[in-house]
Amino acid sequence: MSDSRKFSVNKLAELVDGTVKGDGALAIVRIANLDQGGDNEVAYVENEKFFAAARDSKASCLIVKKASGAELSPPAIIEVSNPKLAFSIIGAALNPPKQREPAIHSTATLADTADVALTAYIGPGVCIGDYAAVGASTRIEAGVVIGDQVRVGSGCVIHPNVVLYDGVTIGNNVILHAGVCIGADGFGYVRGGMGYHKFPQIGTVVIEDEVEIGAHTCIDRAALGRTRIGRGTKLDNMVHVGHNCDIGERVVIAAQTGISGSVVIEDDAVIGGQVGFGDHTRVQKGAIIGSKAGILPGKIVRPGVWWGIPVQPLAEYKRMNAHIGRLPQLREEVKQLKRKLAELEEKFAKD
Amino acid sequence: MSDSRKFSVNKLAELVDGTVKGDGALAIVRIANLDQGGDNEVAYVENEKFFAAARDSKASCLIVKKASGAELSPPAIIEVSNPKLAFSIIGAALNPPKQREPAIHSTATLADTADVALTAYIGPGVCIGDYAAVGASTRIEAGVVIGDQVRVGSGCVIHPNVVLYDGVTIGNNVILHAGVCIGADGFGYVRGGMGYHKFPQIGTVVIEDEVEIGAHTCIDRAALGRTRIGRGTKLDNMVHVGHNCDIGERVVIAAQTGISGSVVIEDDAVIGGQVGFGDHTRVQKGAIIGSKAGILPGKIVRPGVWWGIPVQPLAEYKRMNAHIGRLPQLREEVKQLKRKLAELEEKFAKD
Amino acid sequence: MSDSRKFSVNKLAELVDGTVKGDGALAIVRIANLDQGGDNEVAYVENEKFFAAARDSKASCLIVKKASGAELSPPAIIEVSNPKLAFSIIGAALNPPKQREPAIHSTATLADTADVALTAYIGPGVCIGDYAAVGASTRIEAGVVIGDQVRVGSGCVIHPNVVLYDGVTIGNNVILHAGVCIGADGFGYVRGGMGYHKFPQIGTVVIEDEVEIGAHTCIDRAALGRTRIGRGTKLDNMVHVGHNCDIGERVVIAAQTGISGSVVIEDDAVIGGQVGFGDHTRVQKGAIIGSKAGILPGKIVRPGVWWGIPVQPLAEYKRMNAHIGRLPQLREEVKQLKRKLAELEEKFAKD
């Protein structure tokens, strides 16, 4: 939800390095789907599968791939190299993030030693601990609890009821959705004679710039050292990241994936939903792991597409699945062999 | 937890269209299990498996299926067509939901433009945004954050620390358990040269009447358009519903199930726990999906019972599992065949 | 995060019943990893795999197993029977839990009938309901909501935004991490003609002493009776415990595991992450269940190590997996058999 703005087609094309065909002066106020677009709205044509829908679209402006051969005739066209990316950038321009006037709400509780930028917004009921710092233009929504010595960078949006435990560090332009929990104790115990003793969990968490984290995702502090989420990485809802994990830059992890302690995920990996990682696994740069995969402790996942429990290269997974699918047939073949062999034995015996 | 009331057996029977045998004037104050019931308590006998327990029960009143042939002799019996359903209705009568006097707590923060019904209860620390509306007799518990332009219907119970992002719509008689998060941004990005750009997430969420949603469940807003949870649907704890999903009426989804973007689940489907749905899947009316199943993107799940990863009809799943279970035997058979064939070859060569 | 203290090696050795070699008067201020330790720091040598790292370590003091034969020469050594356990105990001494001065924050909302110990700390925005009780030296952090008639014992730490529904009981020395939700309604409905009726959820939850529960874990109240988490049990983040479960003492359950209604887990069981339990299952004392396992409703899991979906003894699981892995070879063998048999048949026919 955000306030809509208004731009000319020419102005939008400029934002995305696009070429205008048709009426560049047309005013655009909203983004829309191809099938629901109308006057003063812009939609995008991802690829040739959508040409028919694009021809039927009533959107005033369409974003189309250069030299696509689509033969469309809306009032205006913006030609670009990547229509979906251009649509995203134009969508952001038309729907800028919610702005809040800088303020500290009267119901917020700030430690005397907390250092909050003058341009920050601190919502109702927010708590900020001793020696914590909040950067310029950062927006902290209602009910957020920020512990002692936490550092939150500039340009961040911290949605309601997020909890940042003592000492964690949040970079710039980070978005934390509602209920995110960063810096709770890692899950480590040592069995003694009488039960479990807590292994020390005195490390921290570092979230780098441009990270976005989905609702209710939990990232535990390191036992010693730090748990890290690298620059530009995106985590979906209800992901669990255990203590001492090191997640690289531009990694994407879908909802409900669980990552045990001391896992390393290198830059640019793509991880599906509900994946489970055993501890001390390493995912190499360029690896793609399908949803619901299970990775055994200590495993190294090399570049390529991986699938299954336990995880294996997708091609191998498919091959084994095909073998399993042919089991009834294999069984039938063995039965026939037995019968034929018995016949032959009988014939031979008679012979 | 709720205040208990007191009813006569006759009055309770009336509520559930039941027939009384024995002392209809007996006062009932509590529901109980068969084995723990006592004076002034009512228990139910689900079916013949519980006849022995019912004969031993000390509960003053038993709810029994009509013409069940149970031969029970507690002080009172209520005969009905569905004892478990009758017990539920009687339990609700004896344990009405907690009532709060209409009030707006002094520590709540309401926008001037918020429209809160006079009969609503707004608890401590609640925040309600601009142009938001809260209906009659709705109870908003402590720490709930309601964004701008949110609509909450009448007769709802919103438990502590729920977050409703800007613009979402909640119907009437909806129950949202603690920590539910509705309307966070969907998980959509477009890869550009420098990393990921956020795909616009400017749609909304509509929760229809009589829906109940378990603790910490997250339902993301649509990219464009809306994510919908249909009337009478029940979601368990920590379910993830992605952007643009359309969940029908009277659907039941157990805990920790994850639903990717643009999934359609038609009316009356039943979904187990920890199920994972790839995007753009469709579950047809009458489908039942077992716990931990995995559904590949784009799959259509037809009526019937489904199981496994990837999901398949239960009968097929069982058949394949049986084939796998017989693998050691199959292998043994192949070994024997090889031996016998070798013997025969040898004999033949000698011959 | 906590204030560090300072102890002599002799004093630390005393805490863990250890024997000092070298400079017992040396001051130790911090725990560290072997490879990062330095002056005034103590590290531990878990076993012989770490002897080389221990020889390179610059930590002032090493905790080593008695008679390990490690041949190390740091400034000080503490010899003990279990180095990791000793390190945990020393780590706790050097990093005592955060202390808060007893206080009730001015923004907290306490019912007149609530009974809060004089030595308790009640943070900003906390709500405590009617007839609720909070024990001595318990620390309730910001944004926690405690319902009516809840009992919280002494020495507990309740992290921000935890929700305790009406009537639940929390023992002594319990740690609840941020966002934990205890006592939400169990997931039980009865299908009637018009849709689902809520089955009564009027029982409670009992959390015994020394339990630690990870961020966002949800434990539902019983329908009737109680859901129980036994003494000394440790739950990781985002675990779901359904209504009427009975979890024993010193049980360990890793992140994102889901436990359906009426499951019994006996003392000392160890459960991996993302495991799913069908209702009415029973896990016996001494059972260990691997991550991502699936347990069918009603199953009894006996002592030993279990794995897979559906769960089976690990040895069995490995055996079946090996059989599946050899399927391509088996198929090849069957092909060969067919060819040889055909050849033999042909020869025989000619003969």
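As written, the chains take the letters A, B and C, and residue 1 is the first residue of each chain.
The rule is simple: a contact is a pair of C-beta atoms (placed from the backbone, for glycine too) under 8 Å apart; a residue touches a chain by one contact, two chains touch by 3 or more.
Here the structure is a predicted model, which is why all the values come from computation and not from measurement.
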>> Angle of the rotation mapping subunit A onto its copy subunit B, from a C-alpha fit, rounded to a multiple of 5 degrees, please.
In response: 120
> subunit A-subunit C contact: same residues or different, taking over half shared as same?
Replying inline: different
> Using the average of all C-alpha atoms in each chain as its centre, how far is it in Å between subunit A and subunit C?
Replying inline: 26
>> Show the residues in subunit A shared as contacts by 2 or more other chains, in ascending order.
In response: 107, 125, 143, 161, 179, 216, 238, 256, 274, 309, 324, 327, 330, 334, 337, 341, 344, 348, 351
>> For the complex, give me every residue of subunit A touching subunit B.
In response: 1-2, 31-33, 36, 82, 84-85, 87-89, 91-92, 95, 98, 105, 107, 123-125, 141-143, 159-161, 175, 177-179, 210, 212, 214-216, 231-232, 234, 236-238, 249-250, 252, 254-256, 273-274, 291-292, 309, 324-325, 327-328, 330-331, 334, 337-338, 341, 344-345, 348, 351
> Taking the complex as given, what residues does subunit A use to touch subunit C?
Replying inline: 107, 109, 125, 127, 143, 145, 147-149, 161, 163, 165-167, 179, 181, 184-185, 187, 189-192, 194-200, 202, 204, 216, 218, 220, 224-225, 238, 240, 242, 256, 258, 260, 274, 276, 278, 294, 309, 319-320, 323-324, 326-327, 330, 333-334, 337, 340-341, 344, 347-348, 351
